[in-house]
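Shown next, in structure tokens, is the structure this report addresses.
Naming follows writing order (A, B and C), and every chain is counted from residue 1.
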Amino acid sequence: MVAAPGLDVAPALRQRIADLYCEYCDALDDGALERWPDFFTATCLYKVVPRENVERNLPIGLIYCESRAMLTDRIVALRQTALFAPRVMRHMISGLRVRAVEADALRVTANFTLIETLVDQPSRVFLAGSYRDVVVEDAGTLRFAEKLCIYDSTIVPTSLVFPI
Amino acid sequence: MVAAPGLDVAPALRQRIADLYCEYCDALDDGALERWPDFFTATCLYKVVPRENVERNLPIGLIYCESRAMLTDRIVALRQTALFAPRVMRHMISGLRVRAVEADALRVTANFTLIETLVDQPSRVFLAGSYRDVVVEDAGTLRFAEKLCIYDSTIVPTSLVFPI
Amino acid sequence: MVAAPGLDVAPALRQRIADLYCEYCDALDDGALERWPDFFTATCLYKVVPRENVERNLPIGLIYCESRAMLTDRIVALRQTALFAPRVMRHMISGLRVRAVEADALRVTANFTLIETLVDQPSRVFLAGSYRDVVVEDAGTLRFAEKLCIYDSTIVPTSLVFPI
């Protein structure tokens, strides 16, 4: 069926969801990585998986976190490591869409492209893929109960340690 | 005039149009090419044209289909050919906008960038350009009566056989 | 706080802002550079600054204009110069968001990626970054009182002479 007829989401809620994704991307693009875990519920699921695995129903992901605390740990580790050259990530989002409205959760998908810029280099495509997220109302705020980041490439970019 | 003053499109209709483009891109990005013809009316126009030709008023396009049946033929041919390496396309859409509301049709434009990912290669920009579409209500569903895909480059990417 | 709770912008105004950015990008992508100054108020601020400078609070930008007349001068100069190879720019915008509603102005931010296409070359990422704009109502039309274009790279792309 074309254009998801019948999927009726109130404009105000659509706008809040759009704002959530804006805020999420802005925090990461501004390098405010410490804010990242706050976009998730205390118990949550964050996975980064190559598309190939999703198509073959292989649940193995490159990155797997199941609580906000684990996300916080990742950021602490990332800040402490000196392995990576300074770089700027820029999130481009397209096709943000509510796919299903459940009793207490929304299933939301979107396409993303991350543009990476290293010092003294031109900007370039770093990663393209899609989000398959579960968004919930959590004490008056929309947060991710699940964020599944499916990337298109089969090679593993080293800077996948950064939040997608 | 800035920002098309006076072009008054009801929010619900704007949302349906946005959903149509989301659905269109998702189908293609998911590789569900057999769904592609269903986004068009039975009689339709699908053209892929370099920008250069549009500026010179040369109507000649690289790809030209004038019915849903022709679109279906393209997909069958595409599935049967073994010429092309497996690849993933990712549609990024920006600036979706209703340009004109006519008696029974909407003129809609948008920018697109397609990010291509081949096996064991990083993602990269494949094609950038714009859509100039005519969207109609067709038995309760929004469909493309026309989709003109104008791409910016002067070279012909071989994988233009894929739906844009 | 997630998703800017409490920032209440009427849907009609959000839509007008979205239309403003569509129109702005379309004018530039269509090569209608002479229309560019009309998107700004008579007294305005247009700056193009590397992100590095913003982070260090160095106000020095690569490009600095403080009136519509200066913007017009830029376009005249650009049209007269023969230094640059013909190219097409394509603006992709993501994460457009009203950050603050002031008495007579709106603070608006967005991410941008510019895709550049030169003759006989494939399209590629030219510039990624973000806008930090001030939008005002100017005789019934939304215009930019300020447009700050912050780009991510540290190298200076020569074609920055083009409007961002």
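The working rule: contacts are C-beta pairs under 8 Å (C-beta built on N, C-alpha and C of every residue); 3 or more make two chains touch, one makes a residue touch a chain.
Just so you know, these numbers come straight off a predicted model, no measurement behind them.
Different-residue interface: subunit A and subunit B share under half of the residue numbers found at their contact. When subunit A is laid over subunit C using CA atoms, the rotation angle comes to 120 degrees (nearest 5).
If each chain is reduced to the centroid of its CA atoms, subunit A and subunit B end up 26 Å from each other. Subunit B has residues 11, 92, 94, 113, 125 in contact with two or more other chains. Taken in their complex, subunit C has these residues touching subunit A: 1-5, 7, 11, 14, 51, 92, 94-97, 109, 111, 113, 125-130, 152-155, 157.
Interface residues of subunit A facing subunit C in the complex, by the touch rule stated above, are 11, 15-16, 19-26, 29, 38-39, 88, 90-94, 113, 115, 117, 119-125, 140-143.
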